[in-house]
Amino acid sequence: MPRLSYAAPTSVPDAIKLLAGAAGLAKVMSGGTDLLVQLRSGRTSPELIVDTKKIPGIVGIRETESGFVIGAATSGAEIGEHAGLCAAYPGIVEATNLIGSTQVQGRASLAGNLCNASPAADSVPAVIASRGVAIVVGPNGQRSVPVEQIVTAPGRTSLAKGEFILEFHLPKPKAHQSDAYLRFIPRTEMDIAVVGCGVSVTLDDNGVCIDARVVLGAVAPTQVVVEAGAKALIGSKLDEAALAALDAAARAACNPINDKRGTIDFRVKVAGVMARRTAAIAFERAGAR
Amino acid sequence: MPTISIPSSLRRQFTGGMTQLEVEATTFRRLILELERRFPGLGNQVEESMAIAVDGEIFQDAYSLQLKAGSDIVLIPKIAGG
Amino acid sequence: MSKIHVTTTVNGEPAEFLCEPQESMLDVLRDTLKLTGSKEGCGSGDCGACSITLDGRLVCSCLMLGVEAEGHSIGTIEGVARGDELHPIQRKFLEHAALQCGFCTPGLIVAVKALLEKNPNPTETEARFWIAGNLCRCTGYDKILRAIMDAAAELRGEVAA
Amino acid sequence: MNFVANKSDLKVVGTRPVRPDGMDKVTGKAQFGADLTLAGTLVGKIKRSPHAHARIVAIDTSKALAIPGVKSVITAADIPDIPSEEAFVGEGPTNFRDQSLNCIARDKVLYEGHAVAAVAATSSAIADAALAAIEVTYEVLPHVIDVEAAMAEDAPILFEGMITQGVDPKPTKASNIVKKVAFGHGDWQAGMAEADVVVEGKYDTAAVHQAYIEPHACIASVNPDGQTTIFASSQGQFMIRQYTAKILGMDIADIRVTPAEIGGGFGGKTIVYIEPLAVAMSRQAGRPVKIVMTRDEVFRASGPTSGGTIEVKIGAKKDGTITGAYAMVKLQAGAFPGSPVAPACMCAFAMYDLKNVMAEGYDVVSNRAKVAAYRAPGAPISTFAVESVMDELAIKLGMDPIDLRMKNAAKQGTKASYGPVFPVIGFEEVLEAAKAHPHWTAPLGPNQGRGVATGFWFNIGGESSASVFVNEDGSVSVVSGSPDIGGSRASMAMMAAEVLGIPYEKVRPIIGDTAQIGITGVTGGSRVTFATGMATTQAAERAVDELKKRAAMIWDISPDAVDWKDGEAVPAGANAGGFDPLPLAAIALKAAKTGGPINAEVSINAQGAGAAFGAHIADVEVDPETGFVKILRYTAVQDVGRAIHPSYVEGQIQGGATQGIGWALNEEYIYDKNGRMDNAGFLDYRVPVASDLPMIEAVLVEVPNPRHPFGVRGVGEVPIIPPMAAIGNAIKAATGMRLVSLPMSPPKVRAAFDAAKG
């Protein structure tokens, strides 16, 4: 049984060196809320844990000329406390603040939620809907990756050995742009999404949708960008016809499984419901801005 | 003499279908002994796994319980709890 | 490989310990530092019985490695009362009978203290969502909520202590 | 002591003081099962079966034993192969052999998670390595999980020799049906023939776990001479002692069990799982062994209570008079006999005054964890079906559902459906209080509905011991044998203070270990405040008698000439002499001179427990698109006899109701196709969280039990019985749909909407 080592590098190069140089399995830890559960259950037995939280800038939120930079290991609680981000991306904030309990919020990060590569991760559909970009660093330098390209399958990402996410970039929201996230769970808290839905819309001055993104979680092996859903919204003021088209598009985009958290039939139907309800909130927010 | 009602599950096994009987007994202990004498096995069964309700009140493991003439006695399983 | 030496602060006092990399903060608190007030109900962050604060922020100590305490400040149930004086939250839990078996109580009190430091005037709904990660199987939460709301009022100075 | 009829005569009983153990619990000092570590303590862990049903071909422990730091490895071969022996331990029927085999499997594993071996090592990591190094060879057998599948002709058989008891003629072929039970009187079929309206339905419920937050934990230490100490969290230290002695073939006197603080039990800690294994390993290793279950182990290998199917048929006249009632209850026992099918049948119709009634049931084994007691064992399952059918009946008759229940309510003198006639009971008072409650008539909005349901539990007495020690300074120590699971120490101190006439704060209650106090049954069955309270009351009375004697000696008068009033000895009348009152403390100070320490110990087998009834009102809002059911308002009315400490009585009701809400909406055991539990954690075994609930209003109705000095009935069981039907009935009112399967989780509710639309 290989013994576990722990390292908390204080710079990006040091972290990359550790990750790239590890002979066996090396795990990046930011909040650790998923990693520790997996360690304990024996689902993962890494040889090295690289705690990234001591890397400067990886924890915290910066508002820049072009938008927001969210450090990869920033906790959900810190995200929820950032007034600027809350105003600009209420959907991303509410999605992030649905990950686990208050206690989990104190630790869980966007990067962890993303790289755990669960189809049900709450923050991921919201970040994809708002066209978030992950800044990936690694032995071959730095690259910008649209968030929807990170997760490739349940438990798998497109990150190469030695790579990790340093931060997320979100563009400055346009006029009348806003977002929303809803998920369905059997309780009111402490559950994994049975269906999650992130929607971002931009309206014109008359309230007509000119840009949209609809993303579903927990209904397929990875998050699904529902192109037909966006089409259903664009050009509409979210009338009955648009809602019906969105509902149908969301259902059609589903490719779920039966499991302990929901049946295929239930997930498909609720995906349509969540899409409609999330879009309604996003439209209302965008209209109010 | 107290009257005792025999539950259906015990009737078949022990009393040949008798539903109610009068038993000469002034205490719970004597009731058990008397039942065992008349229907071998029944007294033991009552002793090991039954409670008795006497005029509505339930008693478990109570040898010294006084029975009155005319008492209405019902055998029920011992009650457990959570 | 040898154990890792960690220097930290626990309940305001300097503390040092040695731990294995995979040991959780909860294991360290309970087994090494003998602070058994933090409880393990699940080991997976789902019950809140091990709630502590890390630099003032509420976390599950079962979801934190002991080594991560290096240079940080840990708060546990053992640090909530001041000497022989209970914190008002502790007192209100007693007055309102907000505990039965008492196993979830330390985690809840730590969680409620974190709530009221952040939001001194929570609505009942806000309080319910804040403690949704603290499972209590005995009380149905009713009396816990009454204790929280009453403690909040007292801490705001709205009612006589 | 005679029954205190007037509440106004009580000074301490009925008040709400702070519990004596509270300070330890809000500061983190209280010692629960996993909190004690002794010098040299080893970590004990258990290897469990990955198969639902398999023959154990071989177990090779040699590699594990060879690991440095491994001090003991045991299998069933290391403990006696005890014979089958039926018994009643604590409050429950049991079989010692089954309990032994449930602690550690001998030839066959009967469920996933069944223990097959255990190790004790110097660290947790070494213990894990040892578990991995134990090689078990299995011959996997076909398994069966569900109750009706297990009853089928061609089902895999768990026990080759099991011939169903209680059926005529006696079967010749083995099956998974342990026994059949039947309760009732009259002719239920004739009753149906008399009816104007007959309603029937088939319902099913899922297995649910007690889900106490503290996992099972113990530490055991065995000396070379066999003397053994165990510190463990449980509902009964004497229960642990008895089982451990029996399973390991030890003398009871060699075992001393100290009760840890218990982090919830609800019935699930009334049997042993780990203590005999810890003792067996400590004996081998010569060092203390501590075993703490993980949450995963708790779900897979302890608890739960049965799921089952229930068919109910009720016939009534147009005016609501029930003419006949029938129920067929099939319950999962898990891997060993012993589902609560008898109380399920006995409680099914106990709320009603019925001329023709029959409840029959089957106890059925299958490849699930052996069931354990859970709050009012069996009653919630059958009552869910009966109270749902009662609701349908009320709808069909066009009657108010409370009126329908009132029309048929059991009262004093009613022949209960399980046999006896009821003494003084408070069901009518409960129904009246429910109907008069503002909740019953409050307005509702769209997609909202209101339901009501009732429930019954016997409550029990049993063996209890208590000692009262009058200390030199006049303070009083009360020792009892009942682990305090929800504030009972406060109740004991209050009852003792009431009898002694001294302030509550002068009485300090503790829980004795098995060497310090007489045998006491488990904390369960809602018996502690009743039975142990009765022992405490009697011990306090004896102390008062002794105090009076001592005062008489001080005054040099006859003991008959001394009365006891407000904590003081006073002359009984003018003829007794003109003495100033002698306070308890003054008498205590002179104890040495008047005959020595003033103590009283009472051990009883308490009889005369008072039956209890409850009625719950639930308001729900149903989301037709997602099937999500939100509890908007909840009121639980219950006859508690008399509340000693009303806050903790309310707490029992609120907690029980909430467990019922979880049972109704989301809690369930989910199995995969291999018979393995798929949701063994708090993430997917969904107990209610704070944000799921409204305030739970507990309404205490007090119809005192004349057989207890303070009128106590027992409160802990009843509140878990009505919620499932109350919520199902509320969903029906909100949507027009009858949900017949628990849990009424969103996928099922949404599917019902879809089915209703066609």
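Just so it is clear, A, B, C and D label the chains in written order, and each chain counts residues from 1 on its own.
Simple rule for what comes next: a contact is a pair of C-beta atoms (placed from the backbone, for glycine too) under 8 Å apart; a residue touches a chain by one contact, two chains touch by 3 or more.
On a predicted model such as this, the values are computed, not experimentally measured, just so you know.
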By number of C-beta contact pairs, the top two chains: C-D
Euclidean distance of C-alpha centroids - subunit C vs subunit D, Å: 29
Gap in Å, rounded to a whole number, between the CA centres of subunit D and subunit A: 44
Whole-Å gap separating subunit A and subunit B, where each centre is the average of the chain's CA atoms: 68
Sequence positions of subunit A contacting 2 or more other chains: 41, 188-190
Overlap residues in subunit D, where contacts from two or more other chains coincide: 210, 266, 682-683, 688-689, 691-692
Chain pairs that touch, as defined at the top of this document: A-C, A-D, B-D, C-D
Complex contact set, residues of subunit A against subunit C: 3-6, 8, 29, 32-33, 36-37, 39-41, 49, 51, 53, 75, 77, 100-104, 106-107, 188-190
Sites on subunit C touched by subunit D in the complex: 20, 30-31, 35-44, 46-47, 49, 76-78, 80-81, 86, 90, 93-97, 99-106, 109, 125, 127-129, 131-145
Partner subunit C, residues of subunit D touching it in the complex: 16, 18-19, 21-32, 34-35, 37, 125, 210-215, 261-266, 292, 294-295, 485-487, 645, 647-648, 650-652, 654-659, 681-683, 687-693, 695-696, 698
Subunit A-touching residues of subunit D, taken from the complex the two chains share: 129, 296, 625-628, 665-666, 670, 678-679, 682-684, 686, 688-689, 691-692, 745-747, 750-751, 754
Complex contact set, residues of subunit C against subunit A: 1, 4, 20-22, 24, 43-46, 48, 51, 54, 57-60, 62-65, 67-68, 70, 111, 114-115, 129-134
